[in-house]
Amino acid sequence: MNLDIRFDFDRRKRIGLVEAIWGADKSVDQLKRISKKVLNNNEVVFITRINRVKANYLLDLYDDARFYEAANCLIIGENQNKIDTNKKVAIISGGSSDLPVTLEAQLALEIYGVYCQFFIDVGVAGLHRLMSQLEEINKYDVLIVCAGMEGALATVVGGLLAQPIIAVPVSVGYGVSKDGETALNSMLSSCSPGISVMNIDNGYGAAMAALRIIKSIT
Amino acid sequence: MNLDIRFDFDRRKRIGLVEAIWGADKSVDQLKRISKKVLNNNEVVFITRINRVKANYLLDLYDDARFYEAANCLIIGENQNKIDTNKKVAIISGGSSDLPVTLEAQLALEIYGVYCQFFIDVGVAGLHRLMSQLEEINKYDVLIVCAGMEGALATVVGGLLAQPIIAVPVSVGYGVSKDGETALNSMLSSCSPGISVMNIDNGYGAAMAALRIIKSIT
Amino acid sequence: MNLDIRFDFDRRKRIGLVEAIWGADKSVDQLKRISKKVLNNNEVVFITRINRVKANYLLDLYDDARFYEAANCLIIGENQNKIDTNKKVAIISGGSSDLPVTLEAQLALEIYGVYCQFFIDVGVAGLHRLMSQLEEINKYDVLIVCAGMEGALATVVGGLLAQPIIAVPVSVGYGVSKDGETALNSMLSSCSPGISVMNIDNGYGAAMAALRIIKSIT
Amino acid sequence: MNLDIRFDFDRRKRIGLVEAIWGADKSVDQLKRISKKVLNNNEVVFITRINRVKANYLLDLYDDARFYEAANCLIIGENQNKIDTNKKVAIISGGSSDLPVTLEAQLALEIYGVYCQFFIDVGVAGLHRLMSQLEEINKYDVLIVCAGMEGALATVVGGLLAQPIIAVPVSVGYGVSKDGETALNSMLSSCSPGISVMNIDNGYGAAMAALRIIKSIT
Amino acid sequence: MNLDIRFDFDRRKRIGLVEAIWGADKSVDQLKRISKKVLNNNEVVFITRINRVKANYLLDLYDDARFYEAANCLIIGENQNKIDTNKKVAIISGGSSDLPVTLEAQLALEIYGVYCQFFIDVGVAGLHRLMSQLEEINKYDVLIVCAGMEGALATVVGGLLAQPIIAVPVSVGYGVSKDGETALNSMLSSCSPGISVMNIDNGYGAAMAALRIIKSIT
Amino acid sequence: MNLDIRFDFDRRKRIGLVEAIWGADKSVDQLKRISKKVLNNNEVVFITRINRVKANYLLDLYDDARFYEAANCLIIGENQNKIDTNKKVAIISGGSSDLPVTLEAQLALEIYGVYCQFFIDVGVAGLHRLMSQLEEINKYDVLIVCAGMEGALATVVGGLLAQPIIAVPVSVGYGVSKDGETALNSMLSSCSPGISVMNIDNGYGAAMAALRIIKSIT
Amino acid sequence: MNLDIRFDFDRRKRIGLVEAIWGADKSVDQLKRISKKVLNNNEVVFITRINRVKANYLLDLYDDARFYEAANCLIIGENQNKIDTNKKVAIISGGSSDLPVTLEAQLALEIYGVYCQFFIDVGVAGLHRLMSQLEEINKYDVLIVCAGMEGALATVVGGLLAQPIIAVPVSVGYGVSKDGETALNSMLSSCSPGISVMNIDNGYGAAMAALRIIKSIT
Amino acid sequence: MNLDIRFDFDRRKRIGLVEAIWGADKSVDQLKRISKKVLNNNEVVFITRINRVKANYLLDLYDDARFYEAANCLIIGENQNKIDTNKKVAIISGGSSDLPVTLEAQLALEIYGVYCQFFIDVGVAGLHRLMSQLEEINKYDVLIVCAGMEGALATVVGGLLAQPIIAVPVSVGYGVSKDGETALNSMLSSCSPGISVMNIDNGYGAAMAALRIIKSIT
């Protein structure tokens, strides 16, 4: 029985993006085989949701493998699809608990050569923290806003700044906000106009949405 | 078969509050009988969620009945339990669609002699509207915050002001915010400390929670 | 009691967008007062979710009021904030039942001077309808994809085209897809990278998200 | 107290299918007793959702026990109810994460002597992977489509091919697609006609539905 | 603006099924235009979820239009894709409240020339009603089981008969069974093997699933 | 096509209960035919969830038809299955809004000859109303407790009295208690031991559960 | 700080039932202190949802402590409240996975001296297993029906037998039936009359409901 | 990359409350850095949802660190914002399983110098336990009511006492009450007037809401 993985190598040609590898449900064996295949095809390996145990197997095999534990991401090789752009992305987040999601977004943008800056702990319970950095944030071309709990940060940013805004709900919190669904619904219901939303914890997806915009700007 | 309504006349003695009458599920006949009973007992009739059709029957019967259509409330007689207080309540709201809920809260407070002031359309999509009135709002002793959509207003107010805050989610919006559940969960998940929350659209309940506080202050 | 509406006239300055008026929960009286205020301020009146009954009152008052019944939108006056751009938007939709949502998006873009083209009835149950127009769609700068039922259209488009994609779930269908939540969750879970999502039926919001992108491109 | 298990041995006679044993909630002891009983009755033992720890106990007891770890299935003995047919089933799947479900379906079909072929990693984010194998898939008599995330694969296949299609939602993904419910609802809402759906992760059930069809064809 | 509907006329060639028209969200105008287009293309018009008011407009226009009010369906013309088969379908249902769904399924099968027989009011609260007709039902090649409430009928039938079974949950009931979701989940969780399930109230879809099977048998 | 309704006349023999007719989804025509059939079979017609419009058709036809509008029930003829018992049922309820449900339960018991007594408006917000009647309630053999909102009445009664208790959640309230699901879950979670629960608004079912108990006592 | 547990010793007097101890959330320390208190008060200790680790501490302390691992229950001492009755309970269950719940019910009844008989593996997918034991089951006075998956067993039993029926949904299954909610809703929606329902997995509660009935019979 | 945490030190000035640190999602490293920062700023460190493993690292570092394991809280240093008040809070709770939540509330109040008294195990299944302490509870100024299961305690207390009441649903229970959502919805739906509600398990938030009230009283 041939169960070989059929990677979407054509994607680069079609939409200029390489396929990331979702590490959570894959065995070490599957990750090894797929990594080999991707590298043979001269593409960068970008694995998300991979823990240290699985990562170690790949770190042993590949000298240039880099594991970013706080982001649960592993990268092998270099992306051949970098974008030549001076556009840059601000990643704004309400608390340090959002870190894994924001870091995943940053890594996914940087392998394409897009510069990112973090603005963290600017939660709306202490508005002044956001206000004091507004002018600085305004220098960035695309804004990614990550927030858990009630996700109000997206609305406040969206009412103050004119850039494209990609909101990412984060699964931090407890009780009714436990799984990130409150943040998700809150962002979708935002009374600030034109905020678009990604799946819960989808830092990688937010990066790809930002890339689509940056590529169309550049 | 005796199906006579057993009104909680003892409530006034126990907790100093009179029972309001939920008009939505009651027939005109039931409303008439209960009103008569309450008035005979020398208490004020306060009916919530009553529409004009039902209200007209009572307006015909009682000269001093007053129907507040925008609030869906009807009042007959005077409350004998007024509170002698100079404490006052600010009712803050994100949009004019929250009007029925905010008006219900105001009426319920005013029959107890508590002064209320509205601060409406101070939604966080345009923060400056709230900011410019902050100093004025700060003069009030208890804050009731009503908001639909993503309910972020409660969080922003809660991060800026120190008073007791009672948040009321409102069932305005569409899609994921249609029934007010997004606003409810958002308020419960607020990252601002010490915001307590009422059921969706429960303006009356917010007034009673404010009354409990004001009575303990006074 | 002063319950005057506080319109966010400052929004134009802050983020270059004017406030739209949500017509569903407002009385004719509220709509009249707010329209007058907006027009006095020399801004365009753009009312969404307004039915013919309410619209007629405003059509009687204002000669240049235009009611778009299929979109449930009413416009009075001209927008002073038009964008000078040659960028254009494709609105792609799975079925004629999505029409109100797609038309709301189109109107909201056109009052800013952005050209839109519809590609409707390209549902994935008959892929060839989409495939045969792919080259044409590819000429547009931003793609808005509206779909009800299972919302698979967003995924298929996202796998074939590189532009920024804004997905709008539509509340058509029955059973598990009745309220648009299946389409919403499906779009959020899309295996195509970088698709960002709006609230259910939020054509207006999709237009604003597209505008944010177009303004940053232009 | 007699708590002996009452296996449905009569099922073979009634509907031509033997009862599978759900291993997840059973103790090793229960599995041993039930296996013995089934083998004594000259039927095949087919245990689903069994992990390696439990499997080892049965592998030690029975020489002809076979454990399929990737499918979480264990088989002992031979099925006496094989179907003499040249009809065959295609198992189509969106990603390698669906493997446990697809393998469970395959094993369940093969113990009845029905030939299966896998078509994996044909997810709709890269349509060409499906398109290039369409002609080959068309040679099969019944199609089982397994997909997690947004489950759009079922709709696309259903719009292109005329065979009976049994869709199986898979619990892979995160955020709103975490438990497979988005894929389930998406498949139920499919705009392609005549797609029938199984419970989440129910590869075994899909095989039985395929068997019912194949038996009626043969 | 050209908003002409793009009917999937190619579907007949691809999968041998014609497209049905979902009448619920379409205006009379849309229904007229689409009907004309379909008839010009020499296909049968099959409209589901159409009420009498809309139907009358089409009955006025087309002499051979037939409106089936209890099924909420309207048919114009004759299907050119009839299947030459002696296979037949039993439509089994728990109560007379399921009638609209069962009738929709029957009409959809009969325009393809497939014979159907109803077995209604065989709910499991009175098992004998089902038992006494079991032998008769067993003469049919495919079974469609429609049930609301707790949907137990599908499980009982599935444990007694060997044919392919397509279960359709029906939105009758109240409280927790109001929208058909309890019947849906119950059918998906059935402990009888190989029952496949359609969306709530999707009689048409069940017919199409049956057709796919019958075509592969024939 | 023969769509004649198959009434479960055998039920009386099996479990001593006659079948009630669910009026909500049935046409006048269906109600007429089924009533005739039931009366011909010498059983009582008991229709629940029937409105006045439908009821009038049957009142016109049958002289001994009785319509109980507040209960939405219609009865024709006399029950031949009365139980000869001196056991009696207390129907306890939190508010007058629960009336339709409590009346449905009472009618369903009284056609079997079981005596019921109402204890209404004994909601736990005013505990004294319940406490003052406790001794009287204690004289009854089975207790049916109907409550909407948070359904706490069932828990309080269950902690004070030893009889069999059947709890019926009622769909009164708003916001999170709108559809009765909060009362349902609250009753299922009761910390008082041995409270069993019916579907939301299922007064008829509660009566049948009480009957099963009374028949086993008698 | 005095955090001593206040056991409801008065319950025995009020409703004739002793309080059971919910072991899941309590520490070993809490369990020790509460057990001592209960035994000092001359009542039986009945702990539910207790695992072996915690149980061992109490087994070490009390010679007459008995741990029933399959039921997750521990009993110390003898109940002084036994009921002198010849009434008996049948515990009917669909599969061996329901064992913990059925055993909990049995233990809770037997400490009151009520005799129980198990009828397990009588799931409706193989109806004959139930049918062949119907006459035997009919000899019992109260029926407790435990079932997971789609919970159809309650409906079938309820349609065949006249006794009081207490249905207990069990949290076995996967996908949509994973947490027992499908079985719960299915039982609440049963089309068999007079089935009352307990919380998911609440075997103890079912026993208490049965006791309330038996005490009123005896 | 600078990812330093931006603590909201300004909060003390704005609303008189210091920021608590949510320990659940933070690494030991993050907790160390943030604690150092807070102490340097001369504020008290108050960490919630911290387990013993993480706590030990901080206990090693700081001599005056105090870990309250039953509350999952750790405190370092002294609060400079104590309130000089003689107002006091009663924490009322239904069972010993609510202990972690009630203790979190107590600690959060006591670092501000507010005296608390526990009234635990006063669940409404044994009303007398509450009744016998009513007079004592009535001496307190603010009432915090914590309850899991069906949360009826809040309603009963709210109907008997006039103080401000803050209800905290607790995630104890199983089946439908497993995650605390039933208690939450029950409290929000309370028929007692003026009960305001916190997020599930949010003992800390309840304390802050009480503080807001006490500060406005004092």
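To keep things simple, chains are lettered A, B, C, D, E, F, G and H as they appear, and every chain counts its residues starting from 1.
What we mean here is this: a contact is a pair of C-beta atoms (placed from the backbone, for glycine too) under 8 Å apart; a residue touches a chain by one contact, two chains touch by 3 or more.
The model shown is predicted, which means the values in this text are computed figures rather than measured ones.
Hey, what chains does chain C share as contacts with chain G?
Looking at chain G and chain C together, the chains touching each of them are D, E.
Just grab the chain with the largest centre-to-centre distance to chain H, centres being mean Cα coordinates.
Greatest centre separation from chain H goes to chain E.
Same residues or different residues: which describes how chain C and chain E meet, taking over half shared numbers as same?
On the two sides of the chain E and chain C interface, the residue numbers are mostly different, under half being shared.
Between copies chain A and chain H, what's the superposition rotation on C-alpha atoms, in steps of 5 degrees?
90
What's the chain with its C-alpha centre farthest out from chain B?
D
Please compute the C-alpha centroid of chain C, do the same for chain D, then give the distance between them in whole Å.
43
Roughly how far is chain D from chain H, centre to centre by C-alpha average, rounded to an integer in Å?
Distance between chain centres, rounded to whole Å: 49 Å.
At what distance in angstrom does the C-alpha mean of chain H lie from that of chain B?
Spacing between the chain centres: roughly 27 Å.
Measuring centre to centre with CA averages, how many angstrom lie between chain E and chain F?
From the centre of chain E to the centre of chain F is 35 Å.
Which chain F residues reach two or more other chains?
Touching at least two other chains: 11, 14, 19, 95, 123, 125-126, 158-160, 175-177, 181, 184, 188-189, 193, 199-200, 202.
Which two-chain combinations qualify as touching?
Between chains, contact exists in these pairs: A-B, A-C, A-D, A-H, B-C, B-F, B-H, C-D, C-E, D-E, D-G, E-F, E-G, F-G, F-H, G-H.
For the complex, give me every residue of chain C touching chain B.
1-3, 5-8, 10-11, 14, 19, 22, 24-26, 30, 34, 49, 169, 171, 179-181, 184, 199-202
Which chain H residues qualify as touching chain G in the complex?
The contact residues of chain H facing chain G are 95-97, 99, 118, 120-123, 125-126, 128-129, 172, 174-178.
Touching chain D in the complex: which residues of chain E?
11, 14-17, 19-20, 141-142, 158-166, 184, 188-189, 193-200, 204-213, 215-217
Report the residues of chain C in contact with chain D in the complex, numbered from low to high.
That would be residues 94-95, 123-127, 149-152, 155-156, 158-160, 173, 175-177, 181-183, 185-193 of chain C.
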